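Below, each structure is written out as structure tokens.
You will see two complexes here that share subunit A, one where it goes with subunit B and one where it goes with subunit C.
Up next is the complex of A and B:
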């Protein structure tokens, strides 16, 4: 938590400024929208955090979202598969592809950048080929399965807002991820591998398995979020669904305190990072900032966030030295 | 002590600057007139939408309502987010060009419960949207087909270039063009898959290539097609940027003039091409009127004048054909409307 203090401050500042400019920012529906979006983007970011902690990178996240998100309605509506079978198959495919990344990187010693870049091209390409570039969706059917992503739980008036179901999924995943990262031997080994792979190997850690598992985690979470994304919007166009999401995931992970050099992770930070980006995009519409400036604002604030983080670190360091 | 204070002051400064930037960027509330707030949402970023933006803003100024124009840069997830945020914003009415009208039906109905909603450019019939403003893309396609038949009376091989073929407007434009050229009956539900060669003996559509809005790919597609089909006699660009990029490709292969180019929409390069004779003609929509009429209708609806919606719920802004004889007048009018020199 301490690690992400600077980022949290920037997030709070962004929220306060947006609220001051438009008090509808804190309207219950808006908070619900933000929770849902943050939850969806947090899932891919948590996956990215595992891979980044291992010292690697996964560029195939967006295409994996596309593959799973597009093929789910394709299998169920065009090919009449039962939902559960399609879901299990696609999540299985995502995990297997993650394992393939892991094997290619650890056994063939290929660079993670290249392996996952090929994944980026392959999965989107395959999806476009299979679907013939046709937009896929559930139409007005499959209300049951869509409710996985669309249900809100209201707690009978105890809370002023209803919590979207995807938020619970993400909280469960985040708790599990934090537990694995901080309290298990796997988490310890993962950070050790990320910090110094050679040293980790010599201390008897099976670095190959540790690294490969990080890619499996990342690909699986990307697959799960692909399912949730398509259930949420009900339409996936193979050529643009999930485009650039790997960059959002990596950005949220790095913002949240994962070092691209490997060995450091903070799941709380990752979620704050993902939330910051969603709040900024929300603010741009609420405050009437011209949409053309969207990316400029996001880029600028991320820079401020990383700067603030560093400043706090320096302050803490100088406090110690005084 | 000094060392410790410096970073804190710096972070305060950074926060102050960022808030100043945010405040500075935000537009001031519209002055005078009513407090009606309307939004015009496109299906992407394009010069076509810039013209529509001028129309929407002109209507806002004339009618004294606040108008904001939003162009989702990242597809359907982005479009949904913008609509949700606008509803939070308390917008009174929305005119939207749907990206995937079939699968967005429940989203349209949900939104229509919360604000006055009309569709423009791409419609979602059988939903609760109050009206649709746009043109019939199939008939516009047939209009282009007519132009092709006049320019290539002896027949020949044609290639089609488009961003995406599965988008409703693209599909109908393409089908209309093919049906008219091949002399088929009027049936907008007909669909020839893009992969197959379509012919009636005189005219042959050899291929339809898509670029997913990637301009570099769009040009490469045309270069490749010219190589692959050396006896091509005509090129059809279905989206605004397609024909200008095809023209670029033809310039490099010295085929300008030998291969005729047919276009949609009113990119500057297209209009210049028509003036120079390198493009045979274009079928234009009227994005300025999409913007203007959308805001005008929304204002009436919000003010309670529901009778301004026609019984058909369709306000037709017909397509027009621009060729060498009409290009100068059209271009001058366009420049006047968009305030360009």
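Up next is the complex of A and C:
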């Protein structure tokens, strides 16, 4: 909790500085945009947090977003599938692929890095092959389903801005994720497996199932956000849709207090981490920093954030450890 | 005679808690000084200060009359103080030579000078008088051999003082004796030894002087020979403990655990035996004789090859620890830090992990209930801690072991398996663990334990099975138990037909 508080202060500071440099930061359109982007990226970051807590990593998130996000309009427009059927199929595919990651990692004992790296290459390659590398979109149709992502709720003028519907979806998912992580046996076991898999096994925990479920959760959330991303932007180019999203997700999770050593998770922290990443990207645009520098700036901030935290941890530890 | 190393008025605290207060210690060249005391008495902290792992808040260290101060183990090594750690610090994927010279490899033209390295390593190993191929990968060495490599490493820095922290706690009796021999060899070469140990018999055997710590202060010095075990125990605990085991016979019940031609691993000989409710059975044998593998086979951590296990008359198939817990078998594993506990989790979280009653993974937990339950186990097992949320890493070895036991008792098992239940545990906590085992047995639990400490086996077992080469060589009842009886069975290797 303390950790999340520190990160929250950094987020607030980033917001204030950006506002001081360009007051358009607080324009309702900008805030709504930020909320929507944060909500979408939070979803994949929560998934990444589950996998990281188990002591693993998922590099296939971006390609999963691409697979689901590109094939949804492809199935519905090019192949005239009913929207609901395409949606169910693709989310099912995402969950199944997650289960495959889990099985390969727990049964064949392959390393998570390798398995999901292959996922990263495979899913994007398959998507590009199926679609002939053509940009996919819904055109002006499918307004019903697109409204899932596009609706905003304005609370009858009580708030100066309208809240995008995806924010509510993310809040619901986050509450559920926090409940699972902190209050259920699954969450307890997941943290136990991440901290010490051998001791967890000796305690009678079926560590394979626990770990595999984390990959299913992550892939499913990536699939769901793939749907929401494409509904939001209405255009998915197979070669770059979702590119690097796994890194945004992992970065948000790590900033939010998940240790890549496993065993630690804070859903609140992950969401603040995702928000910080989006504010930074937004600031780069608003403050007229050349967008080519985006990655350099984000990389630098993550390094400073994680480094500062480690230094604090080490100082605290050297005070009390034996 | 002048002292090699003198520590005076050492004070050390972690946060507000003083761990060492005004502690003094002096060692002469070629002298073996043992440091004894309960867990938490400050032995390890003092050893770490001398070895430069941590630094004292007040007090002075003098080496050959000159004041020294270390901020890194390497600085201590350079002034001639080496430490052989309880957890060995070797790189498993490197060879013996590479480990010995790690960080100061001789170089020629920027490249490693392999020939000189090998020579250096051979010289260091020869000083110990042991045969070990310097090109072997450390991963292939036994614990005892790895320890020798650590000692050789310290010696190759020309260490004049070697600190051993619980060196025999992970060795068999036989390897332990070998280590003591090596220590005597070093002593003869003029190396001073600081020997930190819980094992009083060996302390009595090798020490020139025995220094005790209690609650972070010097609590007495004794000069062997003619020091009784009781005198030492009194120095450690501040009161007299005559019999730390407190064995008493109990009525035995029905067969609780029965193995039928159970073969734990392909190199084990199938074995059949049973343990009755209320009975405490010990498995003795040398390290590597296959005792832990047998327990792991029963428990399903490494499922047995063939054979069956029945609990209270019903035969069960156990292929994973989860099934073992569900059928009423609990295990206190050999390594509490790796297998027994999640060190960074709280006592509460560790205890509830073992509860494998078939509830859905997504069922909500009741933390208040968990806390209440944990608190009651903390009270009944006398775990010294700040409460259920205390992180296990910060507990002493004895208290950590009690948490592992609490975790087992939490599921109310019919059979309790224990692998080296008191390794690295001090006298006081040991006594509590033994008395807990007797209480559990009286309440009808069947107890099967493995121990490398003969005295412990003799002290608490109703019956002893002796293992060698994966085979149970014989059974000794309490009436005919003796150290000699066990050792002669344990070292009887299988006869090869001519």
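Definition applied: the second predicted complex is superposed on the first by the 306 of 322 C-alpha atoms of A that agree within 3 Å, B and C clash if a C-alpha of one lies under 4 Å from a C-alpha of the other, contacts with A are read in each partner's own complex, and residues count from 1 in each chain.
By definition in this document, a residue touches a chain if its C-beta (ideal position, glycine included) is under 8 Å from a C-beta of that chain, and two chains touch if they have at least 3 such contacts.
As the structure is a prediction and not an experimental result, all values here were calculated from the model.
Participant: Overlaying the two complexes on subunit A, which is it for subunit B and subunit C: clash or fit?
Facilitator: fit
Participant: Between subunit B and subunit C, whom does A:37 touch in the aligned arrangement: first, second, both, or neither?
Facilitator: A:37: touches subunit B, not subunit C.
Participant: Please indicate which partner A:312 is in contact with in the superposed arrangement: first for subunit B, second for subunit C, both, or neither.
Facilitator: First partner only.
Participant: At the CA centre of subunit A, how far apart in angle are the CA centres of subunit B and subunit C, to the nearest 10 degrees?
Facilitator: 130
Participant: Considering only touches as defined above, state whether A:172 meets subunit B (first), subunit C (second), both or neither.
Facilitator: It touches nothing on subunit B or subunit C.
Participant: A:159 contacts which: subunit B (first), subunit C (second), both, neither?
Facilitator: So A:159 meets neither subunit B nor subunit C here.
Participant: Check whether A:183 is in contact with subunit B, with subunit C, with both or with neither, and answer first, second, both or neither.
Facilitator: second
Participant: After lining up the shared chain so the two structures overlap, which partner does A:243 touch, if you call subunit B first and subunit C second: first, second, both or neither?
Facilitator: In the superposition, A:243 contacts subunit B only.
Participant: With the two structures laid over each other on chain A, which partner does A:17 touch: subunit B (first), subunit C (second), both, or neither?
Facilitator: After superposition on chain A, A:17 lies in contact with subunit B alone.
Participant: Looking at subunit A, does subunit C or subunit B touch more of its residues?
Facilitator: If we count touched residues of subunit A for both partners, the winner is B.
Participant: Once both structures are aligned on chain A, how many angstrom separate the closest C-alpha atoms of subunit B and subunit C?
Facilitator: After superposing on chain A, subunit B and subunit C come no closer than 12 Å at C-alpha.
Participant: Find the residues of subunit A that appear in the contact set with subunit B and again in the contact set with subunit C.
Facilitator: 319, 322
Participant: Can you list the subunit A residues touching subunit B in their complex?
Facilitator: Those residues of subunit A that touch subunit B are 6, 9-10, 13, 17-18, 21-22, 24-25, 27, 29-30, 33, 37, 132-135, 137-140, 229, 232-237, 239-241, 243-244, 281-283, 285-295, 297, 300-301, 304, 307-308, 311-312, 314-315, 318-319, 322.
Participant: Spell out the residues on subunit A that touch subunit C in their complex, using ranges where they run on.
Facilitator: The touching residues are 179-180, 183-186, 188-189, 191-192, 195-196, 198-206, 210, 213, 263, 319-322.
Participant: Once bound in the complex, which stretches of subunit B touch subunit A?
Facilitator: 1, 3-4, 7-8, 10-11, 14-15, 18-19, 21-23, 25-27, 68, 70-77, 80-82, 84-90, 99-100, 102-107, 164-167, 193, 210, 212
Participant: For the complex, give me every residue of subunit C touching subunit A.
Facilitator: Going by the criterion above, the answer is residues 14-15, 19, 44-45, 48, 54, 301, 320-322, 324-326, 331, 333, 338-345, 349, 352-354, 356, 359-365, 367, 394, 407.
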